[in-house]
Amino acid sequence: MLTDLLRTTRARTLALAAPLSNEDAQLQSMPDASPAKWHLAHTSWFFEALVLQPHLPGYCVFDERWPRLFNSYYESLGPRHARPQRGLLSRPSLDEVKGYRRHVDAALADLLPFASDAARALIELGCHHEQQHQELLLTDILHAFSCNPLLPAYQPQRPEPARAPAQAWLKHPGGVIDIGHTGAGFAFDNEGPRHRVLLEAFEISNRLVTCGEYADFVAAGGYREPLLWLSDGWATVQAQGWQRPLYWQQDGSVFGLHGVQALDPDAPVTQLSFYEACAFAEWAGARLPTEFEWEAASILPGFEQAADPAWGAWQWTRSDYAPYPGFKPAAGAVGEYNGKFMVGQQVLRGGSLATPAGHARPSYRNFFPPAARWQFSGLRLAR
Amino acid sequence: MLTDLLRTTRARTLALAAPLSNEDAQLQSMPDASPAKWHLAHTSWFFEALVLQPHLPGYCVFDERWPRLFNSYYESLGPRHARPQRGLLSRPSLDEVKGYRRHVDAALADLLPFASDAARALIELGCHHEQQHQELLLTDILHAFSCNPLLPAYQPQRPEPARAPAQAWLKHPGGVIDIGHTGAGFAFDNEGPRHRVLLEAFEISNRLVTCGEYADFVAAGGYREPLLWLSDGWATVQAQGWQRPLYWQQDGSVFGLHGVQALDPDAPVTQLSFYEACAFAEWAGARLPTEFEWEAASILPGFEQAADPAWGAWQWTRSDYAPYPGFKPAAGAVGEYNGKFMVGQQVLRGGSLATPAGHARPSYRNFFPPAARWQFSGLRLAR
Amino acid sequence: MLTDLLRTTRARTLALAAPLSNEDAQLQSMPDASPAKWHLAHTSWFFEALVLQPHLPGYCVFDERWPRLFNSYYESLGPRHARPQRGLLSRPSLDEVKGYRRHVDAALADLLPFASDAARALIELGCHHEQQHQELLLTDILHAFSCNPLLPAYQPQRPEPARAPAQAWLKHPGGVIDIGHTGAGFAFDNEGPRHRVLLEAFEISNRLVTCGEYADFVAAGGYREPLLWLSDGWATVQAQGWQRPLYWQQDGSVFGLHGVQALDPDAPVTQLSFYEACAFAEWAGARLPTEFEWEAASILPGFEQAADPAWGAWQWTRSDYAPYPGFKPAAGAVGEYNGKFMVGQQVLRGGSLATPAGHARPSYRNFFPPAARWQFSGLRLAR
Amino acid sequence: MLTDLLRTTRARTLALAAPLSNEDAQLQSMPDASPAKWHLAHTSWFFEALVLQPHLPGYCVFDERWPRLFNSYYESLGPRHARPQRGLLSRPSLDEVKGYRRHVDAALADLLPFASDAARALIELGCHHEQQHQELLLTDILHAFSCNPLLPAYQPQRPEPARAPAQAWLKHPGGVIDIGHTGAGFAFDNEGPRHRVLLEAFEISNRLVTCGEYADFVAAGGYREPLLWLSDGWATVQAQGWQRPLYWQQDGSVFGLHGVQALDPDAPVTQLSFYEACAFAEWAGARLPTEFEWEAASILPGFEQAADPAWGAWQWTRSDYAPYPGFKPAAGAVGEYNGKFMVGQQVLRGGSLATPAGHARPSYRNFFPPAARWQFSGLRLAR
């Protein structure tokens, strides 16, 4: 089963990169984003550095100069090429990177039959890590394409229009709730330890806010009314000249993976920052749920699936990304995976159309800074 | 009693500014800080705009051009002079600003005997608001003086050396705890609504981390070891070249309100950012308490006073500054006081040597961005 | 006579600072500008460091910590306080700086009767240096006042309206012209060596461009037409949002040393950048003269005085600030006075209402970067 | 002959791009540089917009969306994609751009037999324009490769070592010299009008400064001695941390088009800024020639060829890039070619190993800002 997960995951990454030309795969449109080629290489480096080197005797690093290029942020694993300059790596070529992937795949195949539990756990982590980069690959290339006046489509065929159910408030009685991963199946360290949280009674929407609803907010002058915004949010609106969601065009159309399309009023609004999500909620007379409310409510009947294959979006919560009580990062490089990012970011829950099937869970904690708006991130109201 | 509070508060602000020359009172050393003269004027504007104009019939604004200069961040009260340019206001002069204060004081004296409950509540708010600015006046002038190679002393006489008790761990059993202001006496809106929080058992230090303990961290290479730091913290250490707390000099002495002094190993370490507090805690094998743990523990026997008259320091907590369940900002300008800052900041609890007596409470929530290090901010360990 | 120059110059600096409050004297509104108090101190430091220390046996530095504060840019004279932080020096106070001036004056009085020729030459240089700072003191305080929404007046009384003569073209036949200082009286090193330049025949305007003429350029859309501008100029117009000269208000009035006044159509336009001067000339079908043309033409009959006591302005030329053939900076600190600035700046000729009487000469070379617009800088057309 | 020039030039651009992968051809490593693919497209757009559209009846623009992408800086020819974002244009692909080139070539072939003199002049300009971009293509890709830790070689084979003749001073008697293009053959508008300049007698070196000589300057601490530098130069040295020429490695080797090679002491030093050239000259007790001295001296016997096929370098002069007396930009878009850049830049004379054969002339004026150091720019001493 781990073999299957590994094979499927590795193949899917290549498939996601397939529509991209060599030039596309090298685009880096901002420091926060990475080239598709870099994602292809980095996910392989992760297996090489954390699995193969420590656990496969006799493993030879594919190229000794590459770990420096493809280490993302692991201080304990040596120096790194500056993040904003990833787009300047025309060499190694996309073909060479694919060769790197094959080299790593072959070594993993050698290792798997004899892998210790520790090694198997790291391989599983590497697969889920790669799934995270699959989503980033899509959001990053979408941002890069949005910077090209030609607005190319990643995948030209248009999806079916979305169908949003009528909005309804689901009631949750509150109480002492168990939060965090139950222990069955894989989870990231940041989803634990499982612990109890006391919630007051609350209501939460059965579904995400739609583009139609958000368009009303825009039309009502939401981006011109400072009192709706958090202070940092309003400062950002003014400094960046925000007037609508990131990929909404001036003519009312919306840019996305399928190119420029008419705004679909039933589709969830995406590519929102936390600031925009909060301002909308304020305007709507509601608020964002905390991540604990979200997790508690996710089992309520009528709580719409987070990650619709075609239309889902992550949902900003009113919780900052902080360690759960008793959280301890693991020893070694793996300990740098999550814990060191636990400040200055907000938690998102759910999953999106770009999230690989099976990747997210109700306890899953995604996180981004409050100004980030290039993800498939929207909101679900609470009150 | 409100009369007393008002008189005492207004007088104390002037007393704090007394050691400053006209030139000192105009210093603005960074966008986050304000000139002492501006603090003197802004706190008067606050009474003028929120109390006198709405509640004293016939009140005449002191100068119609000044609200623009001394409104801090109230979007609902009109346009504002750009914050980073407050230090460029040589006019009005310090004397004119003192005249403004007298004008406002006289009008408040006229109003007080006949003030409605709503007006009295706003006057009380204005006093606590002014007390907050008293602390900022001190931390801001200290920062400004630190930028002068002559390192002038705000108050030359040296205080008594600090005496730190032996460090001990206080045990708290956890459980469902009531958090937030009880309702007796004044509190800011962000301290409520009072609500229940479920805590796991924890231990907390009886006292703050001392300069001596922090010096060990510095000497052990704490500022050179990335694995001790949050990712944003380490990026800041490198970008800003941090090597020790803000006012520690290379020769081992420490700059403060009393000028340059020998490091006092028993004094609480102050002028720390949240990042530095976290890195120290990591190095010490401990962590920061959440704001809820802090509040719950504050009544434990042996929990040392937060605000020692001579040596206290605010204590960074592991909680971000977020609304309590059910929090709603008030309608009108007062609603901009706290709520709109509830993102991207960490809560500090306690109080400091610069906090006016009687200002802080166990439920009091101070807040600053994680990189801010010009406050009297230190830490108390938990585990 | 040197005694007179010294006494007059030193007294005039104080007189220029007299209308300023202690707070005014500390204003620094941008890195390129300096506080009036700093000008008062720096000009004294110049005498101390270049004249008194080397030439007056037994001279005691007024305060050993001050040279670091008041050295402007002399690498050979030790480390310096960062230029953009001059406005943060509330200490020493204005009174202490005046004491510094008296200390230096007294020592110069001691030295003068016995001064060597070398020392006398340096004292003369110090006087002309101080005269340059007199002009900067005025342009810097004007800029600082322009950042205050109250727009205070340095000198409230309004001057007589200007009278501009009718515009006329003066013809110059060209030929081999002697350029540079003749050697009689004081000159800065950058005015020599005197040398020959070959000029083609040209015409030059008898007077400066007026505010009325420039207002026509503004009204004709000059700030919106890229083809009139140098490439760097247009980039600056867009990046800075320039729409009119620096101190022209949106309502058609003009801010200046006398506060806000109606635009005087006959007054020379001032506070122009080189970019604006070039764009105007292009629009007017003319060009700027070179500094050599300007100097050659300055003796033509009808060539209006450069520095009208009330209304004069420096005139941008089409010449960059470069060394004359055979120019060699002097040995020692004095060599840093001019030569090291000879790149990236344009020469201005003439003088302005803020130039001390007797300071400028036909061979005088003022210089500023092409984007600088806070000086009394205008233009005279050529063709 | 124009046909030959056109064919050769167009073919050579493609040949220069031949060693580059699709990814290489898209690299933009700084705002000042452009991707090779962009150079290929822009040079074609130049012919399309300035020659084919106005002069070939019935010409169809290849793609109506492309002029916006490939217009460089011609305000009169419509809006432009932001320069720093040229590297984000993964589409159109390199193949599509080559198709664009063929489309333009075919149309030019149609036009040529019937082209008016005006059209022929523009075609000739387009060829020389494209030759300029050939040099930029090389310097830009070299800069991009220098940002890749793998330091790829554009052209791996190592050139023959350079042979520098012994340094000697050539004497020029000065006098009235004719400067500027004589009128025979093509020249850019900035090379005229031809006019007379009066020069004093001077001496100029027979050859360029070598890497060996420059290495002595580095070893002597040239980058640590502020008194050798222009003020802006020293500020740049400190702000950028310059310690040696741009492509000199810490281990003494040098990166270039042929990859990393041992420093060749006889080769001209290149990739110098004007600031570095001036500091070296100061250290060597000499100076840079003016562009007029350079042009006058270029016919002296022994004046070494500017553009050695393998080793030449442009030579910074002490002249800013300013219009010659009587210079008038042409009407229309062509007028934006040179004139609007005439401020803030220094003239370079000669030519480099990257300059196409036959492109440069003694009257040729190359120009770059004084801090630019990614060109094949060195220096020749004068005194």
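Letters are used for the chains, namely A, B, C and D, taken in the order the chains are written, and counting of residues starts over at 1 for each.
By our rule, a contact is a pair of C-beta atoms (placed from the backbone, for glycine too) under 8 Å apart; a residue touches a chain by one contact, two chains touch by 3 or more.
Each chain and its UniProt protein: A, B, C, D = Ergothioneine biosynthesis protein EgtB.
If you're wondering where the values come from, they're calculated on a predicted model, not measured in any experiment.
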>> Using the contact definition given at the top, which chains are in touch with both chain B and chain C?
In response: none
>> Under the over-half criterion for shared residue numbers, do copies chain A and chain D use the same patch or different patches to meet?
In response: same
>> Quick check for the class: compute each chain's Cα centroid; which one is farthest from the centroid of chain B?
In response: D
> So, what's the distance in Å between the C-alpha centres of chain D and chain B?
Replying inline: 57
>> Centroid of chain A to centroid of chain D, CA atoms only: how many Å?
In response: 45
> How far is the middle of chain A from the middle of chain B, if each middle is the mean of its Cα atoms, in Å?
Replying inline: 36
>> At least two partner chains per residue is the criterion; list those residues in chain B.
In response: none
> Pairs of chains that touch, anyone?
Replying inline: A-B, A-D, B-C, C-D
> So in the complex, which bits of chain A are touching chain B?
Replying inline: 73, 75-76, 176, 195-198, 200, 202, 226-227, 229-234, 274-275, 278, 318-320, 322-323, 325-326, 336, 340-344, 346, 370
> Which residues of chain A touch chain D in their complex?
Replying inline: 21-27, 29, 37, 65, 68-69, 81, 85, 87-94, 144, 147-150, 152
